[in-house]
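By letter and in written order, the chains are A, B, C, D and E; residue numbering begins at 1 in each of them.
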Amino acid sequence: METAWVIPALPFAGFLINGLWGRRLAKKFVGWIACGAMGLAFLSALRLFWILLQEAPSLRFWEPVYYTWIRVGDFHADVSFLIDPLSMVMILVVTGVGFLIHVYSVGYMHEDPGYARYFAYLNLFASAMLVLVMANNLLLMFVGWEGVGLCSYLLIGFWYEKRSASDAGKKAFIVNRIGDFGFLLGIFLTFWTFGSLNFREIFQAAVAGFSAGDAVLAGITLLLFVGAMGKSAQIPLYVWLPDAMEGPTPVSALIHAATMVTAGVYMVARCSVLYALAPFSMGFVAMIGCTTAVFAASIGLVQNDIKRVLAYSTVSQLGYMFLGCGVGAFVAGIFHLMTHAFFKALLFLGAGSVIHALSGEQDIQRMGGLRAKLPVTFATFLMGSLAIAGIFPFAGFFSKDEILFETLMSGHGVLYALALGGAALTAFYMFRLVFLTFFGESRLDPHAAHHVHEAPKTMAVPLMILAALSLTGGWIQLPGIEGGRVFGRFLEPVFHEATAILGHHGAAHPPLWLEGALMGVSVAVALAGIFAAYRWYIKDPQRPVRMAQRFSRAYRWLFHKYYVDELYQAAIVDPLKQAAETTHQWVDRRLIDGAVDGTGSVFRSLSGAVRRIQTGLVHHYALSVLAGACLLVLFVMAL
Amino acid sequence: MSALTVLYECQGIVPALILSATGVVILLLDAFSPLGRKGRLGAVAVTGTVFALGSLAVAPSGAEFFHGMVVWDRFSVFLSAVLMVGALLVFFLSFDPLRRSGLECGEYYALVLFATTGMILMVQAAHFIMLFLGLEIFSIAIYILVGMPRHEKRANEAALKYVLLGGFASGFLLYGLTFIYGATGSLSMSVMAAQLGKADAVFNSYLLFGSALVLAGFAFKLALVPFHLWTPDVYEGAPTPITAYMAVGVKAAVFGALVRTFWVALPTVHPHWAVFFWALAAVTMTVGNLMALAQESVKRMLAFSSIAHAGYLFVAVVADSKEGLTALLVYLLAYTVMNVGAFGVMVAVQNRQESGERLEDFRGLSSRSPFLAAFMALFLFSLAGIPPTAGFVGKFMVFSAAVQSGYTWLVIIAVINSVIAAYYYLRVVIMVYRPGEEAAAEDPASEAARLSAGERGALFGAGALTAVVGLWPNAFWDLARQAVHVLF
Amino acid sequence: MAVPVHYYIIVSALLFAVGVLGVLTRRNAIVIFMSIELMLNAGNLSFVAFSKALEGLDGQLFVFFVMVVAAAEVTVGLAIIVTLYRNWKTIFVDEVRLLKG
Amino acid sequence: MELFLFVVFSLITLVSAGAVVWHPHPVKSALFLIVSFFAMGGLYLLMQAEFIALMQVLVYAGAVMVLFLFVIMLLNLKPRGEDRSAFRKRLRWAVPLILVFVGAALTAVTSPLARLGPAAGQGAAWVESQGGNVRAVGRALFTRAFLPFEVTSIVLLVAVVGVIVLAKKERR
Amino acid sequence: MEPLSFPLLSTLVFLPLVGVLVLLFVDRENHAVQRWTALTVMSGGFVLALFVYAGFDPGTVAFQFEEKHTWIPGLGISYHVGIDGISLLLVMLTAFLGPICVLACWTDIRVRLKEFLVCLLFLQTGMLGVFVSLDLILFYIFWEVMLIPMALLILMWGHPARRIYAAVKFFLYTMAGSVLMLVGILVLYFYQARTTGTASFDWTTMAGLSLPFSLQLWLFLAFGLAFAIKVPMFPFHTWLPDAHTEAPTVGSVVLAAVLLKMGTYGFLRFNLPLFPDASVFFMPLMVALALVGIIYGAFMCLVQKDLKRLIAFSSVSHLGFVILGIFSFTVQGVQGGVLQMINHGLSTGALFLLVGMLYERRHTRMIADFGGLSTPVPTFTTFFMIATLASIGLPGLNGFVGEFLILLGTFHVKPVWAVLGATGVILAAWYMLWMVQRVFYGTVTHAENATLRDLVPREIGLLVPVVAMMVWIGVAPTSFLQKSEPAVQHVLKNVQESVRTAQGRSTPWMMACAAWEHLKGK
């Protein structure tokens, strides 16, 4: 276990090699190094997983400590990892999906001049994410946390010559920083509450010293959740994620699927004990998650950029994950995280394939009829869409359904209803996407049309693998097989404490029929969504236009994403800049510096005034002497 | 008095004797030397001064001579040394300007020597007759020296103003002395002190009135505000070496006399004046600095700065303690070397170009003559009181003494003043170091070699002393401390 | 009857004041010089008066030296006035005003 | 009698001193100064300071005044009279200050705090025993005041040198 | 403490002056020899510093490498130097940057190189002297001496437009602050003389005094003003942007990296240990100013059009953190503050170096004159990016550790302070990344920029050590923190004592009363 460090170290080494010498290496080597690093990391992770499985479930955690990072007074933070089922799942997802995305990128980015730089960043990204999930204390987690923020900044702004790209990168970093601000404060509060940042120590201390509902714990968890809101793009800090598609498409896949955005969910799950002790925070998390799920889905309905639709779907799906965590179904949240990683990676890579084929076209209004020309892409994309829509037996069905189910079971009826509505919307917008892209008449530029080509093998193979995973990924949580719910049982040691605190109903499983019935409801809702999309976009293509005209105001709100970006710009960014400008002019220049320079000029003008007594006239000089003498004499006389 | 007695008593005035004798010798030599060879007269003056300085090595007895007219103690020795160092540096400074302006004559050196004699007698004085005579000797000599460039209107004006106002102030001094005489029945300092030792003797309106006028007379010579108005005009109009001499020599001598008057003769009077002294010091340094701030002539600026320095020096007087007077002496030494140094650079600049008084004349000095520029910076920073220079040591000791005596607010005013002062010194430094014409840049070493003997003597001498006093002040502090010891 | 000492002193004070007045008001350098002489004489007068009252000779001795000094000062002062006149063609002090400010 | 003489001499002294200051013409000022000096000599005599009285007449009324007149004549000043309005303007500032000063002086003199120092025991009797004032002062000059007496030579030398330097002919 | 036979510290401090002497004899035109001389001397200094570092024993709070010689015995002034953990780190920083500065001006300075190097070496002596002095007067002397070479650097090699204004402002402003400190030193000295009978300006004896509260207040202000101006704390900061903008590259580097630290060092060395009660009393004020400085500085950065001005204002913000940490009176906060001094020296120093390199190529520092530099100068961009990231506190680089510890410590005292302080972190990301975007991203908008030369090996060579240090501190800060920890604990001992006893004393009313009492007492 001591060798766990190689998992993040491998991609980091790849980053160093490609970052320092990549420009001088052949492209082939660059690709090999990057993919090789990720592949080896994945293999190491598998090996680790294997070793982990050898242990008895209750002993499945290791904490290899490497060295003391910071030690000041009674504060200390180690560089040390925590390997347990939860982090194992994440490691596998990150390295596995990450590896596929790397491979895909070899093809996708082949023509780009920043090839080496790209792979360096990509490796760094994976490395940071691995540090995040493997950390055994909050501070080290924060290192990875900020690290992925940095990498997202670098990768989203990868095409730095594009203004929108560099803007998006900057936005990602700054919005993340706002979240990190909360996270950091959460760390402080944690340390001064528990005297440690080590997860296991914190949890033990929390369970031992605090009762549920303690305000301090609510504070800690809410602050940490602010971080999660930033990283995992929840309301109100979701704004960066849709813009993140400015980066190369595989990057979107990486950010949206395997890494980065899942960090928040992972963190909440990791701190399940704390959250369990803070019911208010749990409720808050669930509410935010649910709201975000619906809110983002609603925006997704009308977007025309293929990646933007997917981006909003990510925001929405993350909402589901938080909903799951918020209602105490941490397993469901993580489960959805994993399946989402599969199908969202698939969808993005598929979208990338489409864009690649169309030489950069992203507007679905100008696509259509690509089914024939891009068969592999179409097939895999469809599978991804079915998965995300939650159609049995695709992976998304199991995970999403479990969240919905747990939501209802924990007594959050309203949230359940909303989430269900969100699921319908999801199905609708996903299939809107599918129909507009692959079905119907081609609306392509004529001369772009004959360039259309299917993706090369490096891109196609990852798509197929991911498609397979999107199909099968959910089966490990099937109730029936091998004692049922393998995934849940694997994670059980991690969550059992939280579950115990919550006094969860999960112990007593609800009747199977109820579960079955709810499954049916979910599937029905999803199918309804798909059907609606079919009616609107295949049967009657003019209908959306009519609707848009009829509900023009609502449409505009949706199309402009509720004007949230504009609101932020007008309410926060611009006033701040304006205030800064004004302060600089008036306070800094005029008032403060004016006072400094003013002191100087006061003395100078005093000097000018005093100089006037120097008249050059002997009489005046003598008079002054006499006056001085008089003063002296008078003073003496007064004695 | 028999000849033997006179000879015996003469041991008390050896430096004054040597200096005045040198003056007479120079006058004689002058009469017999051909026109082109007047340069050697300067060498004679330097030699005589060096001898006089050397005579100080004989340990002073502390005794009074000539029926209590003069006293030869460590206090006199210290100040005499300062005065002679100043005179020596001024001699060096004078060589070139005199040659250039054709003023070269024995009288110049003789007058400086006589003036120095007068100053030394003044600080040695144990009797007010001697004090008055010393004062008048150097005053009259300096009136003449100021007016020596007869064809320059400004020199005429300066001399006229100085002689008129100087006489006016002498009148006050003299008139004050009469009242002190009336109140104490004597003009001998020790007798006075004994007389005033009696209880309540100080509350004598004659005495108070008289001492006020005496102080006014001293204040005029020291250029304390509001007695200072003559200073800039006279300093500006006088030949630059004489300005330097006036600025340092007169101050040292008059401060010496002031200390003797108020600590030896009237020790019970001055404590009552603490408040007034306080105000005098504060106003003097503030007004001096403010006036200096906007000057376009460096010479005039240095004149005002000398007023400000008089203010700082007076802070030491305010402190009214052994430490304060020690600091006063050290500061006088520091002030002498750095101020003569600054004027020396000005003279050197004047030697190289038509004018060297205006700020503009110093523009880009560092590229024309980096060596002079470095010296100018050294002296100006020293005047500004930046460590580790003599100026800092002096200021530090003065402020330290004042704080010790509880005059913290006065010291705060003083330090704020030194910031104001730093501004106008800095203006000159900036002018000097202002990058501009890079063409004529030359190497400091070769430039140093091309300095004339006089410049070299003055600048190296003043520079070395400025640095030495700044870095190893302890020896000077010890000497000053012993010197002050005799007053308490 | 003997005249009390302070009568003399009062006279000397008045004389001093007259001298000061002259310095402060006259513009002819020579007359200013004369006024200064008046001030010095006032000092002398009071010295002698004190000397008499104190029954001591110190005051008179001082007066002697003051006279010498005054004579020397006048000599030098007048020489300065003469050289000034050569260049400036005036001895009115308010016209001699190159140096100021 | 003494008081009468005192009043007379004092009045002459002060009035002619005032005339010196007041009279616009320098030559007349000089002449008034001579009168004033003579009267002062009288005051000195009243105080039995014969030596000083003598010196007063010799040095001041004689040498110094000749010098003044000499210079006035030498410069041959054109009769540019004083500008009386400027004179009066200067008076506006000078007079109050001078009054303050005189007031202070008079207060000092008449104040009950005004005390003379101890007598030196060289009163009239002692002077008589020394052979008179002139002899007594002369003796003192060569004993007690020997050093200042010698030092006056420097004063005079400086003055002589100064006048030569300032007034001598151009070399060039 | 056994006296060391070899005066290591003195050698370290005065070695640059030896360099000055050598330089005086080098021919004016022989620039190569001048450069190599300076480089050799500076490197020698760094090697000596390494010896000091190696020989330093972190296990004790006593001063090490002490040297004490009487200097002006009559006035109680001695030549007393020594270091503890805090000064050790700053000495290391100064010595480390010495050779880098010489390398940085290798081609930059073409006129009067000799004078330039002389100034630089003088400056080095002054700065090292400040950090090792244990005698208050010695400290003051070094403190003031350093003004001159710095002002000359700005004046003679600065940018023609406003260099005179900047130099004068720098000189007078700093001097105005420090003269009051001199008065404070004197008052302290005579208080000591009155109460103990013995008097000396030695820090160690001063530290043993227990001063009355009212006196502490005044002295805190007198010392504090000098330090606050030097730091510079809001609202005494306005000299800094001017000085930075007008100074030559190396001047800015030294100014930012070391000079400013003298202020914060002063607070740690003097204000906290000598005036603990006053420190506690003024803590809210200092913290408030620090917080205002953090946020205000960041805000000002948003609107700057000149790269150097922007970095200068970012210094105001960063040093606000240091002050915040110091006045949290927690081990974490102060340690963070100490580390942040080093961090700021490295990252801001690096930024100024980089801007200087840019200026050398393009002769402008206006952000608007750049854009898209990433394409022509990728290596430069990389270094700039690293420095930027260090500056905005990215974990794994040095800045994070300092800021984290500072905020951690502050949070303990009052969470809301940490909250306000942490907003500075957000703003930092905003203004720095925005600046990076405008300079490096987008397309090349000015034709001159398209042909810019990327970094040459010399420049890479001087940047790599800096970056290496950033990473080292970021990854393994403990090796540095443990050196200073005992000293910090020691500094805090008195203060924490007065924190315990001073409950409820901190009201403006009390302040006025105490100050008035003191005045009346005079």
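Everything that follows uses one rule, which is that a residue touches a chain if its C-beta (ideal position, glycine included) is under 8 Å from a C-beta of that chain, and two chains touch if they have at least 3 such contacts.
Being a predicted model, the structure only gives us computed values, none of them experimental.
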Spell out the chains that contact chain B while also contacting chain D. A, C
Consider the two chain pairs C-D and A-C; indicate the one with the greater count of contacting C-beta pairs. C-D
Which one of the chains is farthest from chain C, going by Cα centres? A
Core chain by centroid distance, with centroids computed from Cα atoms only: E
Chain centres computed over CA atoms; the one at greatest distance from chain E is chain D
Calculate how many whole Å lie between the centre of chain A and the centre of chain B, each centre taken as the average of the chain's C-alpha atoms. 78
Whole-Å gap separating chain B and chain C, where each centre is the average of the chain's CA atoms: 26
Averaging only over C-alpha atoms, locate the centres of chain C and chain E and give their separation in whole Å. 64
Whole-Å gap between the CA centroids of chain A and chain D: 103
Going by the touch rule set out above, which residues of chain E reach two or more other chains? 172
List, in ascending order, every residue of chain A touching at least 2 other chains. 600, 611, 614, 616, 618-619, 622-623, 626-627, 629, 633, 637
Could you say which residues in chain C touch two or more other chains, in rising order? 5, 9, 16, 19-20, 23-25, 27, 32-33, 50-51, 53-54, 56, 58, 61, 65, 69, 72-73, 76, 79-81, 83, 93-94, 96-101
Could you run through all the chain pairs that touch each other? A-B, A-C, A-D, A-E, B-C, B-D, B-E, C-D
Per the contact definition, I'd like the list of chain B residues that touch chain C in the complex. 128-129, 132-133, 136, 139-140, 143-144, 147, 150-154, 156-161, 163-164, 167-168, 170-172, 174-175, 177-179, 181-182, 185-188, 232-234, 236-237, 300
Spell out the part of chain E that touches chain B in their complex, as residue ranges. 24-25, 27-28, 71-75, 111-112, 115, 137, 140-141, 144-145, 147-148, 151-152, 155-157, 164, 167-168, 171-172, 175-176, 179-180, 182-183, 186-187, 189-190, 193, 522
Please name which positions on chain D make contact with chain A in the complex. 90, 93-94, 97-98, 100-101, 104-105, 107-108
Considering the complex alone, what residue numbers of chain A touch chain D? 619, 623, 626-627, 629-630, 633-634, 637
Spell out the part of chain C that touches chain D in their complex, as residue ranges. 1-3, 5-11, 13-22, 24-28, 30-31, 33-35, 37-38, 41, 44-45, 48-58, 60-61, 63-65, 67-76, 78-83, 85, 91-92, 94
